[in-house]
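In the two complexes below, chain A is the common chain; its partner is chain B in one and chain C in the other.
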Partner chain A sequence: MNILLICAAGMSTSLLVTKMQEAAKERGIEANIWAVSADEAKSHFDQADVVLIGPQIRYKFAAFKKEGEARGIPVDVINPADYGRVNGAGVLDFALRLKK
Partner chain B sequence: MKRVDLVYETLREWERSGKRWVSAEELASVLGLDRANVSRDLNRLWREGKVQKQTGRPVRFALACGSTAETRLDRIAKQQPSLAAAVEQGKAAVLYPPKGLPMLIVGETGTGKSMFAELLHEFAVAVGRFPRSAPFVTFNCADYANNPQLLLGQLFGIRKGAYTGANEQKGLIEKADGGVLFLDEVHRLPAEGQEMLFTFIDRGVYRRLGETDVERTANVLLICATTEDPESNLLKTFRRRIPMHILLPPLEKRTLDERCRLVMQFFQEEAVRLGKEICVSANAIRAFLFYACPNNVGQLKADIQLVCAKAYADYVTGKKQAVSVHRADLPLQVQTGLLLEKKHPRSASYSLPHRWYAFSPHGGEADVGGGPVESESVYGAIERKYGELKERGIAGDELDLLLEMDIKHYFSQYMKGMDRRIRNRRDLEKMVTPDVLALTEAMVVYVEKKLGRRLAKKVTYALALHIQTAINRLRAGTIVSHPKLNEVRAAYKHEFAVALDCLHLMEEKMHIDLPIDEAGFLTMFFALHEERTEEREERVAVVVVMHGNGVASAMADVVNQLLTAACVYAVDMPLDADPKHIYEQVKAVLQPVVSQKGVLLLVDMGSLVSFASFLEKELAVPVKVVSAASTPHVLEAARKAMLGYALNDIYEEVKAAAPFYVREPLWEEETADQDMLAIVTACFTGKGSALALKHILETYLQLDEHMWRIIPIQMADVKEARQTLSSIAKHFRIVCVVSHICLDERIPHFPLEEVLSLRAMKEIQALAGVEEIHVHMARELAGHLRHLSPTKAIHAIRAALAAIGRELGLDPDGRDMVGLVLHLCCLLDRLLSGEKTSSGQGTAIECRHEDETLYRVVKEGLFPLEQRYGVCIGEDELCHIVHFFRSLQGKQDT
Partner chain C sequence: MDRFIRVLEEHVMPVAGRIAEQRHLQAIRDGIILSMPLLIIGSLFLIIGFLPIPGYNEWMAKWFGEHWLDKLLYPVGATFDIMALVVSFGVAYRLAEKYKVDALSAGAISLAAFLLATPYQVPFTPEGAKETIMVSGGIPVQWVGSKGLFVAMILAIVSTEIYRKIIQKNIVIQLPDGVPPAVARSFVALIPGAAVLGVVWVVRLILEVTPFESFHNIVSMLLNKPLSALGGSLFGAIVAVLLVQLLWSTGLHGAAIVGGVMGPIWLSLMDENRMVFQQNPNAELPNIITAQFFDLWIYIGGSGATLALALTMMLRARSRQLKNLGRLAIAPGIFNINEPITFGMPIVMNPLLIIPFILVPIVLVIVSYVAMATGLVAKPSGVAVPWTTPFIISGYLATGGKISGSILQIVNFFIAFAIYYPFLMIWDKQKAAEEQADATISGGAGTTHSM
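Moving on to the complex of A and B:
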């Protein structure tokens, strides 16, 4: 399963990526999780099964949603509480739920 | 020939033929006149001082013998013809029946007003108006001008219990009964006192302070003196009661002859005082004749004394063989007399026949004494005051208090005078010998090192002069005790210890034994510095920073013009300016003018508020900021600052005038890592209900108990409660307060009833949730960030974002910000490690043009973070944040 995280410059998300990877490993889930900045996001859509957006670039959500719909990929904004807590497991669950 | 003259002439003839002491009877029979008439004439002559009389029956008269017949007053009139009119007026007032007239002596500083009053007293005694023992009581109204109560008490006396702790005390009027009361600087007498005084003039009665039942009487000849124009400085009713106005002309209105006589006389007096012959060159005397001497005879005398003291010091140290004064020995200011001489209309006709003038310590009768304006050293002034107060029967604590007020006053006056007289070291060299100067400078270095602070330049100057006089006096064998040595020692322990060291230094360098009292005086110089830095000249610096070209400058100009002083500084902030540059400008403007009294920053928009805390740290002085300031605020601030108000007072006043002053966020206070969260509950009614509230909150809120404390406090006293709150804030991040009234506008507040009815629970829960998220964030980031302390960084970022929100009129939900906070933490950390952060697509310009205001607010809002961490947030990063806030704006609009 390929999970793409998008944030302003791909910085804060890297920490979240690590946490999510740890959570996936614990549960024995095969997951490819990576983070990119908003500017370079488009070119990564094709490799993704689900796209998650950092709450600080919520303002770009509409644009990314369109991209996702065009490819049939679910796109959503990460819950600020989970994002703020860097709750890897929580965000992973969120991604899994979206994919279903 | 008038009858009275006939009587006088006859007396003189008889005296020549050896017949003295005749009765009116004898005279009357020889002259064939009525005895009663002759007796009247004799008594008149006696009153005029031309005749003396013997007690006993019959009363016998004789010519007043030689010099005593001529009172000093008469002599003054002869030597100083410009004073002749004044002398006549004075005599007339003293002799005016039945009790003499009250007088007002008007004259500039140093024209000899108190000396004149003393001579009038002497005259009154000489003519028998008063008995020999008649008191002459002097009181300077300026001495107590700061304390009208004390002043009136001094003057009229105090009844026991008139005010708390008041003891029965005689007034000066009572002490002057049967003599003269001289009120110097009477214009400093408060109106109330003037009124009390004219009741006394009218009816000869007065009351002690606090007395209502008794009226006291006293027979006092009142002589007042003032340097001011009586028309504008005294009550009309008071002026009317003193019909005799005696004008003492200033030095410049006197003739050269008169001035020359004064100069000669003063040198003569110094020769007597020193017990050494003083040689003065003609040029030096000419300089004294012509130099500008604004403080009149008093200054002339003081300057001559100073010159003689210096000449004496040169003689003692072996630099000169005799006590001699040349032109070059004179202070620069006196030397200018030789230049002014050329311009003086009468200088050509005024020549001094000799090249040298020697003043012998024995020759001539120097008219010593009565000089009111001695150039007083610290000693003289204190000693004199001490004696005066003691004489008046003031003792114990009150004496100490008065003396302390006085010494302090004297010292600050000394300093003030110093400032006018001495502007640089060169001036000082003219007055102080090189060895004293060297010693002083060595002492200052030592003192500054020991006390760990700088002494004002002025203190150094004053100290040098003081040491010079001290040494001169001690060498002359005069020892002066410091009346408050023990108090000074106790009050300024540290300074006193240093002063003792300085004493040793002085003793070593000057080969002189010094009494320990001298350490007391030195201590006051060292200690004075501290008070002065707080009290005098230092003011709160007022700076205006405004957006737009020239807005701040214009505002400052208006205020400076209105106050006719350059007291407001301005920094303009063009719209496209980088806040960092502006900040540096503000700092540069302030650096040279800032004092410990601090800085008041007046800004137009809240985004500049953050300057305050950085300035505070960098300049190490307190800084307050008021936003949304307009011209009236600036004016008010500047006015108060000029008056020497403290920063906090000005701040409170101006803040009250500026409705939208921006509060400083509590979180910005850099305290210990506030990792624990708290809700504070406060009740008027004691801890009981605060505890009950705590239970309700614990029951209805879902809180992570490892992070939270609910702290009940008592709010009996609001001020106390605020203090408690701020001490809690040192260890906890106070998320909200539940109380009757809002204790701190910076902390969310929920009214009691909202909580009791559970209506507020949802909101509190949301607030709590956001806080918990941030605590978790900090914990997660702890292992991730390399350069930042997560808790502090999160607080700073949240404060900055909240400020931007406020400036934009948004009230963003804390949850909306969470992502951005995390983002900025990572961004700052990367910037600190020097990594490149931006992918850089050049959209920056675009986003700036889309919304200039938003861009500027965000840029300024991030300034505190940039400044704090010393980084620069790139344009692209800025744009993300601009977009974020724009989306929030959009969200709120819809």
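Moving on to the complex of A and C:
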């Protein structure tokens, strides 16, 4: 399971990555989770199974959605409340649901 | 207030989204990002060159010879002073990528177009002479640095537009079937490249017979000067900050969007300071408003100057939810990342908290501007400090080692605290009451709240 997170600079999502990795480990889910900045995101799409973007760059959603559709990867915006509270488990659930 | 939020959602957000998605602006922003690591590396050498230690100069001269500073600053010449070359390549590369045409060729062609627009003449004052003469045979450092930024950006966009139109119309040299594809590809850029350079060449020839003489003169007169005057003014700074805060209030990354438009202007203002600073670190610097002005003095803790808010929450909040959020937000806040606060508290779409969130940065802009304009506090020296550097340290470094830079940051931190405090207390009271109510409903004892 490869989960790609995207935000403006890849900084605030990297916070979330740590929490999601912890949540995945607790549940024994094999997950590769990483965060990148919006301008370098495209080249990472090929390694991803699910792409999640930070709510602060949801104006880029349409563009990333298109990239995802071209490769058959689900793309969605992370819920702002989960994002703000760095709810790793919640966002991991969200990613798993999207993958299905 | 609800109407205000609706206006933000329905009118501000879509416009901001469109601006942020505009592909030329995006290419400019991404292209400029390419030069940032170089500027930060160059800054490291600048800082070492101008450490504010008494006797440092003499000590260095003793160990490394009297030209130690010139030698130390070689990397500055290869980072700051070639900014426009990097941007010329970077913007074209990113734009071509968006059109899904060969980005590498587009970058190379754009670079050639930029240099074609640049007269290979260097000003030179012979010993004993009073007048400066122009000597040919050198690429002028003057124009390939920040002063050439706008020409580089414009030509990168024009050349890439010409390039991709020709490629997309499939006007390329067709080679017979037997030719290996790699060889054929190498010819693809020929016609569009020739078209780009042809156009730039003709325009340069025309400009040479006008009073403007060159691309650089005309752009600096018509674009650079008015834009810098506007972007470098107190009024411009307040408008910029207001927009950033309004966008963040709707949950959009305001700094990325506004910075995308203002970036080149703030960057060239910063570099004007750097050039003066490098000649004499104690000279009066020309500009106050630079990229650092916002990143380091206004946005202490992230957009909205929320570090004070995070700390107060951690220490003083009575509701469990806000206390926990404060604990969570403090570490990223030190490095000026505040999404936990904007989305977690939340400030986004929250009529109560949006008020201080917009007010604080505007007050800080005015205070900082006045402090620097009156000479109380040193201006940003042009040393490019990454925006993630913690405050107090960053203010010291960005002013080229002047303690007044740090002091202003501390003052700003307390101003932010004072304005946020009453609003935080109201919000905290509400949250605490909600928690109380929840606890009563669910039977009281030991109910934990999900964060």
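In the analysis below, the second predicted complex is superposed on the first by the 100 of 100 C-alpha atoms of A that agree within 3 Å, B and C clash if a C-alpha of one lies under 4 Å from a C-alpha of the other, contacts with A are read in each partner's own complex, and residues count from 1 in each chain.
Note that in this section a residue touches a chain if its C-beta (ideal position, glycine included) is under 8 Å from a C-beta of that chain, and two chains touch if they have at least 3 such contacts.
Just so we're clear, the structure is a prediction, and the values are computed from it rather than from any experiment.
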First (chain B), second (chain C), both or neither touched by A:V17: neither
Chain B versus chain C as contact partner of A:A63, first or second or both or neither: second
Chain B versus chain C as contact partner of A:M1, first or second or both or neither: neither
Which superposed partner A:L98 touches (first chain B, second chain C, both, neither): neither
Touching partner for A:D39 - first (chain B), second (chain C), both, neither: both
Touching both chain B and chain C, residues of chain A: 7-9, 11-12, 15, 38-39, 54-60, 80-81, 83-87
In the complex with chain C, residue positions of chain A that touch it: 7-9, 11-12, 15, 38-39, 42, 54-60, 62-63, 80-81, 83-87
Interfacial residue positions of chain A with respect to chain B in the complex: 7-9, 11-12, 14-15, 19, 37-40, 54-60, 78, 80-81, 83-87
Touching residues (chain side chain B, partner chain A) in the complex: 769, 773-774, 776-777, 780-781, 784, 815-816, 818-823, 825-827, 830, 837-839, 841, 876-877, 880, 883-884, 886-887, 890
Complex contact set, residues of chain C against chain A: 13, 16-17, 20-21, 29-30, 33, 94, 97, 248, 251-253, 255-257, 325, 328, 332, 335, 337, 339-346, 348, 388, 451
